[in-house]
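In this document, chain identifiers A, B, C, D, E, F, G and H correspond to the written order of the chains, with residue numbering beginning at 1 in each.
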Amino acid sequence: MKRDFTLDTKRFHRQGFPEAIYSIGKSEKQIFDIVSKMIKNPTPTIITKIEKNLAAKIKKKFPKTKYHEKAKLVVINSAKSIVARCVISNRVNPLKKIGKNYIAVITAGTSDIPYAEETAVVAETLGNNVERIYDVGVAGIHRLFKFSEVIKNASCVVVCAGMEGALPSVVGGLVSKVVIGVPTSTGYGTGKGGYSALLTMLNSCSPNVCVVNIDNGFGAGIIASIINRTQMKSDKDGLDLSV
Amino acid sequence: MKRDFTLDTKRFHRQGFPEAIYSIGKSEKQIFDIVSKMIKNPTPTIITKIEKNLAAKIKKKFPKTKYHEKAKLVVINSAKSIVARCVISNRVNPLKKIGKNYIAVITAGTSDIPYAEETAVVAETLGNNVERIYDVGVAGIHRLFKFSEVIKNASCVVVCAGMEGALPSVVGGLVSKVVIGVPTSTGYGTGKGGYSALLTMLNSCSPNVCVVNIDNGFGAGIIASIINRTQMKSDKDGLDLSV
Amino acid sequence: MKRDFTLDTKRFHRQGFPEAIYSIGKSEKQIFDIVSKMIKNPTPTIITKIEKNLAAKIKKKFPKTKYHEKAKLVVINSAKSIVARCVISNRVNPLKKIGKNYIAVITAGTSDIPYAEETAVVAETLGNNVERIYDVGVAGIHRLFKFSEVIKNASCVVVCAGMEGALPSVVGGLVSKVVIGVPTSTGYGTGKGGYSALLTMLNSCSPNVCVVNIDNGFGAGIIASIINRTQMKSDKDGLDLSV
Amino acid sequence: MKRDFTLDTKRFHRQGFPEAIYSIGKSEKQIFDIVSKMIKNPTPTIITKIEKNLAAKIKKKFPKTKYHEKAKLVVINSAKSIVARCVISNRVNPLKKIGKNYIAVITAGTSDIPYAEETAVVAETLGNNVERIYDVGVAGIHRLFKFSEVIKNASCVVVCAGMEGALPSVVGGLVSKVVIGVPTSTGYGTGKGGYSALLTMLNSCSPNVCVVNIDNGFGAGIIASIINRTQMKSDKDGLDLSV
Amino acid sequence: MKRDFTLDTKRFHRQGFPEAIYSIGKSEKQIFDIVSKMIKNPTPTIITKIEKNLAAKIKKKFPKTKYHEKAKLVVINSAKSIVARCVISNRVNPLKKIGKNYIAVITAGTSDIPYAEETAVVAETLGNNVERIYDVGVAGIHRLFKFSEVIKNASCVVVCAGMEGALPSVVGGLVSKVVIGVPTSTGYGTGKGGYSALLTMLNSCSPNVCVVNIDNGFGAGIIASIINRTQMKSDKDGLDLSV
Amino acid sequence: MKRDFTLDTKRFHRQGFPEAIYSIGKSEKQIFDIVSKMIKNPTPTIITKIEKNLAAKIKKKFPKTKYHEKAKLVVINSAKSIVARCVISNRVNPLKKIGKNYIAVITAGTSDIPYAEETAVVAETLGNNVERIYDVGVAGIHRLFKFSEVIKNASCVVVCAGMEGALPSVVGGLVSKVVIGVPTSTGYGTGKGGYSALLTMLNSCSPNVCVVNIDNGFGAGIIASIINRTQMKSDKDGLDLSV
Amino acid sequence: MKRDFTLDTKRFHRQGFPEAIYSIGKSEKQIFDIVSKMIKNPTPTIITKIEKNLAAKIKKKFPKTKYHEKAKLVVINSAKSIVARCVISNRVNPLKKIGKNYIAVITAGTSDIPYAEETAVVAETLGNNVERIYDVGVAGIHRLFKFSEVIKNASCVVVCAGMEGALPSVVGGLVSKVVIGVPTSTGYGTGKGGYSALLTMLNSCSPNVCVVNIDNGFGAGIIASIINRTQMKSDKDGLDLSV
Amino acid sequence: MKRDFTLDTKRFHRQGFPEAIYSIGKSEKQIFDIVSKMIKNPTPTIITKIEKNLAAKIKKKFPKTKYHEKAKLVVINSAKSIVARCVISNRVNPLKKIGKNYIAVITAGTSDIPYAEETAVVAETLGNNVERIYDVGVAGIHRLFKFSEVIKNASCVVVCAGMEGALPSVVGGLVSKVVIGVPTSTGYGTGKGGYSALLTMLNSCSPNVCVVNIDNGFGAGIIASIINRTQMKSDKDGLDLSV
């Protein structure tokens, strides 16, 4: 009998970022089959949107997996990932670089944290430093300004916001870096589902704002990591992580 | 033969704000008939969304009307309106009050000005002072802060914004007054038509923000005027403008 | 470890209205942490959309909080709020004024009451008088007219309506005050979610109608309170509540 | 060569109402071909949404057609229609009945008149009496009440309204007859295109309100005519117009 | 303390159709309060969208209420309604008329039956005869044609359809009466929620089709009843049910 | 009492494909009644979207039914269907043909499999060969190219995809056959519900792509079967399956 | 300097259907450049949505192109296409087959003809026979039944319909072939743009209905041609048009 | 009198990218005023969406401006921009770097070129190298693969696509860099306006795809430039362009 999946086991080698498994709509059996196949692979894999109960079952069966509860992510081979990257790139010692470059991950409200954590954990799994700045939305804009230095010095900024989703525009007007807007499904009435925040971010007057799908903290983590890694990489000449 | 309209000639007496005629979808003949009827009435009337050419025809036939080109408004009996108000209320000398209270009318961009002017001219026609603060959108938030004192001291703030429409939220977080958001149809792509700005304003985290229809500068002018007038009025006891 | 929230403990001093905590999407732990921090603050805080069970847990742990079941609000420091306001404004005795100004809160149907109560309790928490007029929708317009005097004499009117949401337009045509429309998610078919009511209110022919987000009784309460308070304040000269 | 149309020349005999030709999207040649075919038929035909210029060309070529400018309708064989109906039904003298039953056609504003006229002219073409009551929208509800007797005594009421479209609900609450709501595309911002008015009418709390497509004055005229005709017919026993 | 509802106890006398209570969003207590008030009234009242369990509780407390499970309706004073009508109209013996006029209620599929039953039970409660024709959708159009005589002879036709909602158009092309389309929320994918069926019906090429809200079997029952009653009434001269 | 359904027992004879019963919105009793009627019929019937528990109850009562868990289909008379077809067509031995023609059923991801299985099982029930190619979406396009020969040689290709739904376009550019796109409701944020995938497929630049409703694996199976059967049929002259 | 296009000159060889050039959004210069390149190629090319004026300019410069006015198509190398196909397939004489298989192209109304002609001309350009059946929509379903034999005997049916778009469902219930629905942008109000018709077709209860984009007569012509050609082809064994 | 704009003349110094003026909705006078002010500033400014005629007027009055017709951009001070950057950053000679890093700008079709040119010209104005790869959409995916080396070696990839918008997903699966999707308004039917393409890109399975507003080539150019510049910059240590 045929398998239900055709895993892309070479993605990390080909693209430098991990295979991600979106868990919604997959049966427990399918997820277990995927984990048992990917765990043999020496590169990182990430399973997204996993609830606590299922994570416990996965952990029990595959003790080497790690669950990040706030981010709802199961990470496979994260510990090895740093080493794996070194082996692949063969030219960089990421540990040394860690102190220098970082990604700023910001939320407008407390309810946006799960998506911000998804971004942050993905970025950390890939060896990036992350600065978390949470609950600094535009209704009290002075809260944001307290953090302006740490935001301006990041190599890339991720902003998660639901409701009116105005924070990326404001941040975009302050920094010279790329701002990745993550609209979140936080909200009620016309804000339910995140469309209001999405539209706000797409129409940002700050031209350095780009956008990912509603609640797509994972994608933001990958994109931020590519941008941040470029800077890490380019402190040394000649290395080429993008196999 | 019956008439095509049933004008509400008592609205000013009943509600304290003028009958407004929305011109789109009305024939020139219908508009002329309305003007010739309303001009005999000693209270103000406002015709909205009038293009320059039509305004010239109206002016030619009814020299006492006044056209505000940026606002696309024709005003009937504006000069008399101040007096009319005094007569009606019988207790207040608005001229004396003018220096004290004012409405702040703000735009995010230059393209939002026609709607802001609609608000400002309507408010002025009703005897209010207006402070205009234009093109101070969130992509360069420092431009806004230059005006914070004048904004904070207004009795009411109207903010016109298209594109992402984030400015009312930011203003709402700074002041203790009501902020009336006017989403404008300025924008392109997902911003075309003003829905993005509308949703942003409806989902504002600043609870003092209320919203009117897209491009409805007229309504914002009426609401701001009611709020501002209350303060003018209440400096004297006992007067009752709301006949 | 960092906190998940950056509370705006000075909002009441800065803006004259309380910090609001929208509970949906927050964990119990986050809500408890917020309450335990805000309760030390001598100004009011309001937590919205709290179900009965959670309210009971909060009450048990923080006996000084008060739950308003119909409105689904937990209020912190409400009792102190009157005093707090006096202290802050230093010039007004709100108790004396209470008999004079009030906000009318109206619903079209019985199902709109939770949102109306949200408005009413918020306004009362801030020291305003409220007149409740419930279930007087346009399908039996004579029910409304019985209350016309009390509606006309309010300093501001809030109208909550789902389904076709036509009531604010009708009320807007009767009064000379600002009407704040609260579209509610009451309805089925094309009325589900409140978009029909929202569009009706945004397109109101009565220019004194402004709108807040679907089900946003809280915002309506704040806005009505600002308008009503202005009149209270202005019966005395010189006081300035808007710090 | 085949023809571009398959006209339903028996519709009037089969259903008692005329074949209608929606002109938009048809070439002048197609419309001319249709007229030249239908004009030979002794039953009425109606062509909708015809602009003045095209109507003049049709009139020139087919002098027996009649153009109703406000309604943008070209009527073919209207004069004969009364006779035709008598011949078909063989049992009723409509002229005698005319004084007794009528359809009330109401508009909320002046801009809704073209659609109301479409309804009224269609109904008159089919031999019904029509009472027109225009520009009595909910923002000045007292204007409506002046006409309550004539509205209550109609056998059926058609209400055309754009913007917030609230008038059918109010009328629906006053009468014991069927109210046919015609949402019109009159409006701007969120009201553009008539969706707001459509949703309002679909969600009417008055259960006697039914709805037709936006700007579909023609359909409303047919439905009103069927209901009104039933009453005319039933004053005499035994007649059966519905061949 | 004030009541949560302002019941329209005179609706039956004023309009000839019953007060309807939409149960969704109301608490059990509110529904019980309403029943206990309405049951004293000698005219019919209908409560819609009541699930089996709640109906049982109502029945237990108010044994005179009647639950129609398929239609999810609780009817109050239905038995009396016939008498009530006679008393009110004072001139008609509905029992004699019953054999003559009827409403045809049609569904496209089996899943549309709950809404059709809502229509049918409402109409029967008001003293009308009803012919039910279920599951005859357009995918097997021959099923419909078997019933053409009974459909053509109805005084009014109600068609409930979900999915593509095409049946009202086809029926509309066959009959000379008014067809009331009830779009239902039956469907999946783009058909979920009933918008597809609603749009189909609004755009019907058959001009005798009018539409009510998605799943609004109640409204269709009222409208059909008014039309059918007119014919009943008009078999006798002079009676006037529409008080 | 009347029945709730009007089954089309002749569909297989008339159209060559089975009556399908969409189970959602039907009561268990209704489904049981349908099965007990259809099982007496010697042609196949398919019930869609049946969950495991209900399938078990059906199986217990009607042991001859077969449940396909992944596809959520209950098949009645599948075994007989091959024979039935032979009897009807009287001219073809499908078993001989089986090795030659086949339908390719492809999914972009693992979560799309339920819909693909719906297609595959329907097609197999009707006597077609099916090749399943699962989880080969565009994010790793090389996975698709491994299967290009088997895809190119199919007589028809069905592609099930959620999220961005881009796979049918790519497949459409590779083959000379008809590609049937099945958008699936797999996705989150703007992808939730399948509208994104639907729009992508409708806008395909590959002109050989047609589309069915979101999650409509059943329809895709029928259409693919008609196309594939034509080729089977046409290897022999003269046979006419389309009774 | 680089060219603005990368033409797929091998599409006809690879897929058996022509390269299509969608003209909207291309400059005249770009279209001329494309024609001058494609005309050298011995396989057919089709340019869609070309207005009369532009077609005349193209014709003047490239006399061998042919303009189909109703279909708004410019065809390049159509004359050669039959021969080209023979050369490519080397095994079939399409002329002999022409009398046998055909595609039925149906419209609901006269305004749908441009899209139907797009389908018909595309199919004819590729060597298919076409039967046109125009203006037979569901409001007069008897018009359709007159053509049932010619429809049932087609190898494939294309149905173009705007407004309510119900015709494909009805046709789908009558035939055993694939029905390709082409929703058209014909309509007004909620029917404007074709979304109503699109939704109707996607939700068809007839499972043999598939759908293409609104107004996409071109795609329907390609798909119908592939299906029809299969049958032509398969009357002879061994030919393989799908290079 | 007050000015209609509050230009952000320091944006280039603060953020490293130019002030952009969106021309739609601005009067000619406003644009001329802006140009005459910005041209005195030694940093680049870009005016977007300028039609040919207006550009000629601007050029006539301000000969130093440069118009890029395909991109519809007017560039002010582009020549100086390279120098300006050097002066500001004081540490980098961009000319030397030019040969090394580049941005790949790709379109799916010819109609997407205006937006791609907007991106390309903006990027070039800011001193970046650009590789243009046009008309390589997914319907002929082999066209894309010819360019895989040049795409993989870019420091960042911008993909402009209308219609189904699938190209960014495919490109995203091939490269290890950030892919910026620009949905374009190219398309018809459900593709009109670009929403289909936007949704496709937001739902991309390739996690390295981020998105900007429909037709926002300008924003994509800024973001690509920031990413590309980072790499240029980081070949030298210590430089800090982000003032």
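Rule of thumb we're sticking to: contacts are C-beta pairs under 8 Å (C-beta built on N, C-alpha and C of every residue); 3 or more make two chains touch, one makes a residue touch a chain.
Note that the coordinates shown come from a computational prediction; the quantities given were computed from them, not determined experimentally.
> Among A-H, D-G or A-B, whose interface repeats F-G's (more than half the contact pairs identical)?
More than half of its contact pairs match F-G, so it is A-H.
> Name the chain whose C-alpha centroid is farthest from the C-alpha centroid of chain B.
The chain lying farthest from chain B is F.
> Going by the touch criterion at the top, tell me which pair is linked by more C-beta contacts: A-H or E-F.
Pair with the higher count of C-beta contacts: A-H.
> Which whole number of Å gives the spacing of the CA centres of chain B and chain C?
26
> Need the CA-centroid distance for the pair chain F / chain H, whole Å please.
45
> Taking the mean of the CA coordinates per chain, how far is chain B from chain D in Å?
One centre to the other, that is 38 Å.
> If you average the CA atoms of chain B and of chain F, how many Å lie between those two points?
59
> Please output the residue numbers of chain C that touch at least 2 other chains, ranges allowed.
Residues 109, 139-140, 173, 189-191, 195, 198, 202-204, 213-214 of chain C touch two or more partner chains.
> Go ahead and list every pair of chains that touch.
By the stated definition, chains touch in these pairs: A-B, A-C, A-F, A-H, B-C, B-D, B-H, C-D, C-E, D-E, D-G, E-F, E-G, F-G, F-H, G-H.
> With touch defined as at the start, can you tell me which chain G residues reach chain D in the complex?
Touching chain D from chain G are residues 109-111, 113, 132, 134-136, 139-140, 143, 162, 186, 188-192.
> For chain C, which residues count as touching chain A in their complex?
Of all residues in chain C, those touching chain A are 2-8, 11, 22, 24-26, 30, 49, 183, 185, 193-195, 198, 213-216.
> Using the touch rule from the top, collect the residues of chain E that touch chain G in their complex.
Touching chain G: residues 108-109, 137-141, 163-166, 169-170, 172-174, 187, 189-191, 195-197, 199-206 of chain E.
> In the complex formed with chain B, which residues of chain C make contact?
So the residues of chain C touching chain B come out as 14-17, 20, 152, 155, 173, 175-178, 180, 198, 202-204, 207-214, 218-219, 222-223, 226-227, 230-231, 233-235, 237, 241-243.
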